[in-house]
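Labels for the chains are A, B and C, by order of writing; each one numbers its residues from 1.
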Amino acid sequence: MCFIYVPHATAAVTINENADPNITKDIIKAINKIVPEHDNYLHDSIDNNAAAHIKSTLIGVSTAIPISSGHLQLGTWQDIFLCEFDGPRSHRKVIVEIIKK
Amino acid sequence: MCFIYVPHATAAVTINENADPNITKDIIKAINKIVPEHDNYLHDSIDNNAAAHIKSTLIGVSTAIPISSGHLQLGTWQDIFLCEFDGPRSHRKVIVEIIKK
Amino acid sequence: MCFIYVPHATAAVTINENADPNITKDIIKAINKIVPEHDNYLHDSIDNNAAAHIKSTLIGVSTAIPISSGHLQLGTWQDIFLCEFDGPRSHRKVIVEIIKK
């Protein structure tokens, strides 16, 4: 199993289709509707990025993909995406670990 | 640990209650409100299933359940559900791996 | 890897910032807007907590954190939260397992 972890509170990781680049645009637009910016969030008075924190919790900071014969068993239409909800940033860290069956 | 992975971009996996079948109906209805069909998604012009992709990212394509003495440690009210957001399909694949503590 | 599992259908686990306690308040308020209480859910006629079940599926009942040299590799702004959507309860169980790289 390939375990992927994003050690950030305003980012996330998801798996979805990469073939049509419009899918990521649709996902970003949908998440922005589900979690509107500056919706009277208390944290915005400190750091102005509360929506990014909420999106991180909704999508999640970890995922995992099975491995077989040394290859990620992603589906035909799957790819792995880092979700940046409070960028652009010059640095984001992603931790990847391989875990034995 | 029992690791469950759905290698699809318009499906997902979740854990919730199975005792009252109305819960899954409530969940489906709620997700359909959170992610409305055909909400001016760009991908709909190609494949008409953008909402299914967005739902897959919201719910997630993997989960895991602890194992003790060979038994899944699901809670009393928990069961595992494949979420089909773009069906019905004749085939969907689910990958299950057992990972040692 | 530290694997965390919540064996309940009306709770969840998430990772987010703990430094500003307003973030958890913002997250709770946002989730309550995304999943309104008593929105004609069928399950409410039996147990009156359908919204809690839906929230559990949205946030998820498991997560995992990498471990290095015996320490959780949480990001600077990350902490682990049990999400109680149907409380207060006198008891909630959380299962934690350590899994080798």
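Operating definition for what follows: contacts are C-beta pairs under 8 Å (C-beta built on N, C-alpha and C of every residue); 3 or more make two chains touch, one makes a residue touch a chain.
Just so it is clear, the structure is predicted and the values come from calculations on it, not from any experiment.
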item	value
Proportion of interface numbers common to subunit A and subunit C (over half same, under half different)	different
Rotational angle, Cα trace of subunit A fitted to subunit B, multiple of 5°	120
For subunit A paired with subunit C, centre-to-centre distance based on mean C-alpha positions, whole Å	17
Touching two or more other chains - residues of subunit A	34, 58, 60, 64, 99-100
Complex interface listing, subunit C residues touching subunit A	1, 14-17, 20, 22-23, 25-27, 29-31, 33-34, 58-60, 63-66, 73-78, 99-101
Partner subunit C, residues of subunit A touching it in the complex	3, 5-9, 34-35, 39, 41-43, 46-47, 50, 53-54, 56-58, 60-62, 64, 93, 95, 97-100
